[in-house]
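You will see two complexes here that share chain A, one where it goes with chain B and one where it goes with chain C.
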Partner chain A sequence: MAGKEEAGKEEEEEADTPDVPKKEPAPPKPQAKMFACTACGASVTIKYPGATMAVVCSSCNSTIDVTSENYRILSTYVGKTSLFKPSIPLGARGKLKGKTWEVIGFLVREDTASKYFWSEYLLFNPYYGYRWLVEDKGHWNFVRTIKRKPDAKNINQYPAKGQLAKLDGKNYQIYNYGTAAVKYVLGEFYWRVTVGSSNLAADYIDPPQMLSAEKDGKEIVWSLAEYIDAKEIHKAFKVTDKFPYQSGVPATKPPTELKACTQIGSLCAVFIIFLTCAQFYFTAKASQQTVLQYDGTFITNSKKADITTPVFSMGDETTNAVISISAPVSNSWFYVSGELVNDTDGTTYPFEKSVEYYSGTDSDGFWSEGSNTAQLGISSIPPGKYYINIDTESGDFLQTRVQQFSITVGRNYPIYDNYWWTLFGLCVIPLYSFAAMHSVEAARWSNSDFSPYPDPESYTESY
Partner chain B sequence: MTRFYLVTGILLCSLFVYAGMRGWKIIDPWAISGARPTGPGSHYHK
Partner chain C sequence: MLTLSCPSCGANVNFQSKVSVFAVCSFCKASLVRQGMDLDKIGQVAELLDDLTPIQIGTTGMYKGQKFEVVGRMKVGYDEGFWNEWFTYFADEKIGWLAEAQGFYAVCFPCFDMVPPIGNLHPGKAVDFGKYGIYEIEDIRKVKCLYSEGELPFNALQGRKSESIDLTGFEDEMATIEIAEKENRVYLGSYVDFDDLQFKNLRRIDGW
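And now, the complex of A and B:
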């Protein structure tokens, strides 16, 4: 935060400090002090004379040192500008974090290198001291200075990517580093603020919090910011105008996507472990029992109808059936049209399958296509007795001859397709969640010079 | 989204277990299902 040493009360653990009222007392009667502006003669009012060191004349925007006998001018600002208008009017009071605050000062600061600017609102409560509201691209942070010094490297040195500052067991990662200068001021401040004054600043984030360090002279002031919803501020201060439009992902946006991705990832792992164990169980339990072995004959280049196999049992539980058909085809085909028939109620499961095998040689050598065996599966066959009716047909350009074929029926085979499809289904949402998280985090870090995400503009293509 | 995924995951795993117990291939574009016989005329039924 801008400014020198904290002139207000202790912020940390203030609720436990014996001399600080636990229940917020009624606000004191204002003891305003008035004087004539040294620059333009307009009347200037100081609402909190005991705490304020600088005030800005609302007429000519000169910053006045109120501790000076002659009300020395700290800086002048020629003409007002409509570019910087506080979204929360000075003097507005509102309740945030259980305490009532009054907006007494408004600052616009900018990064001297990039000219990127943001707004800061100085809040004051006579019992609890000072706080800040910082607004950047429509996103807000509630800030307090802290007395404790985090474990961090010297702010004078340009930080390395990934450099951390540690406080209360949390690690904050370097986000910004540069010089922040005051561009515009309004209201009262607890230090002699001047337009154009600048501080070396470093920001570290652990969303939704940000640790900021500012070097003012030889002293380094640390502050802790926390993301706060704009609607909460709008409602608290009863602001009538709309707040600045929100754009981009702020540095301190609560990491809801990251949290969701972590939780979903953990759930996905549990589901996959369960799925794998279940698949192992079903595979081990599958008896892969052969219930029918039927051998028949067919004449090539002819049809044969109405072959019926003996009755066989499909066991005493609902399971799948695998029908394998073998024939010694060679550059020929053997076609079976059949039906699995329940001997009790006549339910039929019609099927058809071709067995084909072709081979030869060409300029590349030997080639082959097809197989002498074909398989098909039928799901969820109820228990009971069954038989198979088949018609056969074949084609063999070589000759007409008698050939043998065989049909094998097996039951209770493991199904691997279910495992892969279920795995795919379980991974869709985690992949989406990861993509959403990555997108938000990359957007969060897009405004930082220390982003752990690669800059898309740095990709080069070579042809 | 986490709660939605929890529900979806439990449903998918339940479906997998149900299919595994009944020998049912969940995604089978060429699935063969049972049909009642329509009467004499096609195949011989005992």
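And now, the complex of A and C:
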């Protein structure tokens, strides 16, 4: 079984290699080439001499032009060479996006204004050319140079906030603009790399992708980057050391929160529309019949027990009962506790309600609170005959005397409570998701001079 | 296909395309000029450092549903690098070029001659090719033939000088203006992904 699996894997590995006559003997030419460093005399190896134009001496870090007969020095390195160590060793091979790549070069580049720096790994495959892995604060992008030209403003002009570059129907928004200089270099390159050389560059993002323009002499070179999981690279290149610690939200972090927010938002919108339609339907359908109108008396500021109303019909189908109680309260209260009783089987539906009204004047003028009527609803009342038992109580009346109260029972009324509560519930999730999205997106843009989010300082990472 | 013998070593020299007037003997590397059925040796091609190209004479591929075969190559160099121009022969006897540099591939066809004066050309300038569309100049390079092999439609002696202007058009469209001694020819085509070209009989690259 294990053997079978292995064979399967091998086949898979081969599948990505283009159609090459395998049986043909390899050309006898030794590929790698060695020479003595013009600067320090140490032995320098060029692994892909036919494709490489510049190589870095691993002893003294001078960059050497390998296309010149006498191996001209392009630049020397004066800094502490041990400062930068590639996280993926040069020469390592790994399979990314179905193709095998070899790390042949390593660059550290920095923004000349902010001194912010990041690492770039040059990948090579003789069939597919070159790619880059760019590591910035522990986050990685897989980058390829593209030939088609995005629709964008001239790179020489400082971009306006929100400026777009368009490619393949997608809009990329300006994220970074500045001059990137080579700070440190290792390995071999298909151009004459020199330490200190700098290029004007602009990055536009549409996470998880980034479109970058770099000015190389008169030419503008465009590249397309895509966020790639550090673990995927770590595994692919069989790296044993730990990768740089991840911090902050990278420019190309997949926009999961944004997508979730949009999805949840539209889902909730659909629900709300549906719910509102349903509510309209039920409101229109509700017949709102009054089934009991009962007037009774009470003595103010006292209790009265055991009032029973006449029997009334709740109709032929299960519906709600809306009980309204009115009493002539004014800076006083009237309280009812009662039960709706099924005349046939004695099922009771208890309820209680206060009617209160207070008013007065203060420094702000007239004020009032409450009303002469109060209403309560009981849902799912089966059809049949019913009556109501009530006890009343009242207080704060100026005089003690007999007063009248009334109680009305309606059936099949439209009920809004459930609607409002559901609506509220439906809004909580999108609001939460929006807050999550907002904080991630603001953090994403916190490293940009072109952030659409106000006050980027408040979102700088808390490491 | 026309087969002649090398005047230098007697080996067979094949011409797939009728428009080929130049060839390099695959055996002795003599550069040969064809006039009708006659071959004359005009030089000798010096060996080349392996440039790791995966293409070789005999490689076949597909472009827009048409099969082509690579029958010749001219490798050109400029200040900042080099690229390969592979001469391709299509099934319908049409000829074209497969340009290959740093893993980028473009297939283009000789389209028309530009009539001088060409005017002031510089990177970034838009050039109107009339019915063929508007292209933007990407770069202008003075190039030199570094190496040639197989058959070619012109004398590609080592050291042959020309000026090459690369232009990009809509999406993947590209154009090249080749300014040589006698002609200013415009080639039109498009960039193609390696996998889309469905290459067969590629060169084996050691270790890959």
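By definition in this document, the second predicted complex is superposed on the first by the 356 of 463 C-alpha atoms of A that agree within 3 Å, B and C clash if a C-alpha of one lies under 4 Å from a C-alpha of the other, contacts with A are read in each partner's own complex, and residues count from 1 in each chain.
We adopt the following convention: contacts are C-beta pairs under 8 Å (C-beta built on N, C-alpha and C of every residue); 3 or more make two chains touch, one makes a residue touch a chain.
It should be emphasised that the depicted structure is a prediction, and the values quoted were computed from it without experimental measurement.
Trainee: Report for A:A260: first if it touches chain B alone, second if chain C alone, otherwise both or neither.
Mentor: first
Trainee: Per the contact definition in the header, classify A:I378: touching chain B only (first), chain C only (second), both, or neither.
Mentor: Only chain B; A:I378 stays clear of chain C.
Trainee: Looking at the overlay, what does A:R148 touch: chain B (first), chain C (second), both, or neither?
Mentor: Touch partner of A:R148: chain C, not chain B.
Trainee: More residues of chain A are touched by which partner: chain B or chain C?
Mentor: After superposition, B is the partner touching more of chain A.
Trainee: Quick one: classify A:Y130 as touching chain B (first), chain C (second), both or neither.
Mentor: Touch partner of A:Y130: chain C, not chain B.
Trainee: For A:K218, using the defined touch cut-off, is the partner it touches chain B, chain C, both, or neither? Pick first, second, both or neither.
Mentor: Second partner only.
Trainee: Mind working out whether A:Y190 is in touch with chain B, chain C, both or neither, as first, second, both or neither?
Mentor: second
Trainee: What part of chain C is in contact with chain A in the complex they form?
Mentor: Going by the criterion above, the answer is residues 49-54, 80-81, 102-104, 106, 122-124, 136, 138-139, 168, 171-172, 174, 191, 194-195, 199-208.
Trainee: Flag every residue of chain A that touches chain C in the complex, lowest number first.
Mentor: Residues 17-22, 24, 26-27, 29, 31, 48-51, 53, 100, 125-130, 145, 147-149, 190-192, 218-219.
Trainee: Inside the complex, what are the residues of chain A that reach chain B?
Mentor: These residues of chain A touch chain B: 260, 263-264, 267-268, 271, 274-275, 278-279, 281-282, 306, 308, 318-320, 339, 341-343, 346-351, 376-381, 387, 389, 411-413, 415, 417-419, 421-422, 425-426, 429-430, 433.
Trainee: With touch defined as at the start, can you tell me which chain B residues reach chain A in the complex?
Mentor: 1-2, 4-6, 8-9, 12-13, 15-17, 19-20, 22-28, 31-37, 43-46
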